[in-house]
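Across the two complexes that follow, chain A remains constant while its partner is chain B and subsequently chain C.
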Partner chain A sequence: MAATLELYFRWGHFLAGIMWIGLLYFFNFVQVPFLKSVTPEAKGEAFKHLVPRALFFFRYSALATWLFGFFILGVRGIVLEAFTLQGPAAVIGMGAWLGTIMLANVWLIIWPNQKKVLGLVAATPEEKPKAARMAFLASRTNTMLSIPMLFFMAASGHAPATFFGG
Partner chain B sequence: MVSETIIPLLFRWIHFVAGVAWIGLLYYFNLVQVSFMKETDPATKSGVILKLLPRALWWFRYSALVTVLSGMALMMAGGIRNTAIMIGATLGLIMFLNVWLIIWPNQKVVIRMTGDATATKTPAPPEMAKHARRAYLASRTNFFLSFPMLLFMGASAHFPQF
Partner chain C sequence: MKNPLDTLAGTVTAGFLLTLALYLIVKALV
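And now, the complex of A and B:
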């Protein structure tokens, strides 16, 4: 029963996680160079119709990824060990902490600043480029954090605890 | 120890990063770009086909290649043999062939025809819709195949009894 539950949580974690980090890679490797290369009209269109939809899937899949990951730890009964980096759970704990920092970046920095850029909340002309810069830096940070994060995700379930001295 | 744990771990890490980029871009195409292209004006649409799509498709098809290669290396190095991974790998391979044999060749034609039409300021030839449709259907197919594929990928390493 617990194993079946964990399988479904892991499935949800994969689907949501791929959507989240895949869109993060899209923003960093495709959308940023695209927006630099187009006319102001096309940029306006992208801000009106493309970026808001992408950000919707981005921030909710980020939330779903974290929750599914938390449920997996819950089913295994290692939430506390993971987040306090104890024993073999320290490996997934490192991944969980990196993922938590990334989730906080999405909801507390990227999304509030993008709302100003997109005009969903009021912002002065001086505030807008600053907000765009903040969102960009947090997004770049998450891209870099995703590489070690995925290392710990890959290592946690597979490399034996002895390998990490747990 | 190196061959038993570190080598498979490195392959799995590469497999995760490349797989996230590949299927993540697939989700972008299906959940974000398709709706955007329906809503926007023809000029922006051409701009997206000429300036966004080539870059997105470059990451898409090469991350698909790296995902498949690192996956095969992982199966060999890790000695992974079970029903779940066989089903998952088969689904992944079908998706990979869809990318390289249907989506990319047809999208190349769409990009070329859009480029010609923009340069000569003439409407795109009617065959372009046929190529766009084929690429779209293969992309939709991959979108739906990704769900069972990921179930079996997750099951293979953790629940090999399946």
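And now, the complex of A and C:
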């Protein structure tokens, strides 16, 4: 039963995670350079019809990814060992910490600042570029953190037996 | 399996990846 649950949670973790990190890479490698090079009219259209939809799937897939990951650790009974980096669970624990930092970046820095940029909350003309800069930096930070995070995810199940000292 | 942080390969890998991430973040910030 626990193993079956774990399989479904892992499946959900992959689905949500691909959507989250896929959109993160889209923002960093495609959308940011795109918005820099288009006309103000096109930028306005993008902020009206493209960015809000992308950000919706981005922030909720981030939440779903973290929850599914937490549930996997839960059914395996290693939440505490993972987050305190004890024993073999330390490998996925490093990934879990990085993912947790990234989720916090999404909900506590990127989204509140993007709401100012999109005009969903009141912001003065001076506040808007600052908010855009903060959101950009947190987004870029998450892109960099995804590199070690994915390594620890991959290594937790598939590192050669000898890699971490057998 | 031992705690990877008690092993040389685990410590070096974790240290390298986290340093790389920090370096790339700082580079993107300045």
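In this text, the second predicted complex is superposed on the first by the 161 of 166 C-alpha atoms of A that agree within 3 Å, B and C clash if a C-alpha of one lies under 4 Å from a C-alpha of the other, contacts with A are read in each partner's own complex, and residues count from 1 in each chain.
By definition in this document, a contact is a pair of C-beta atoms (placed from the backbone, for glycine too) under 8 Å apart; a residue touches a chain by one contact, two chains touch by 3 or more.
Quick caveat: nothing in here was measured; it's all calculated off a predicted structure.
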Touched partner set for A:Gly17, first chain B, second chain C, both or neither: first
First (chain B), second (chain C), both or neither touched by A:Met94: second
Contacts of A:Leu108 with chain B and chain C, given as first, second, both or neither: neither
Chain B versus chain C as contact partner of A:Leu137, first or second or both or neither: second
Winner by number of chain A residues touched, once chain B and chain C are compared: B
Which of chain B and chain C A:Leu85 touches, first, second, both or neither: second
Which superposed partner A:Ile147 touches (first chain B, second chain C, both, neither): both
First, second, both or neither for A:Phe26, with chain B first and chain C second: first
Common interface positions of chain A, toward chain B and toward chain C: 147, 151, 155, 163
Residue numbers on chain C that touch chain A, as the complex places them: 1-10, 13-14, 17-18, 20-21, 24-25, 28-29
Of chain B, residues touching chain A in the complex: 1, 5-6, 8-9, 12-13, 15-17, 19-28, 31-33, 35-36, 39-41, 43-44, 47-48, 51-52, 55-56, 59, 78, 147, 150-151, 153-155, 157-159
Interfacial residue positions of chain A with respect to chain C in the complex: 85-88, 90-91, 94, 137, 140-141, 144-145, 147-148, 151-152, 155, 161, 163-166
Interfacial residue positions of chain A with respect to chain B in the complex: 3, 6-7, 10-11, 13-15, 17-26, 29-31, 33-34, 37-39, 41-42, 45-46, 49-50, 53-54, 57, 146-147, 150-151, 153-155, 157-160, 163
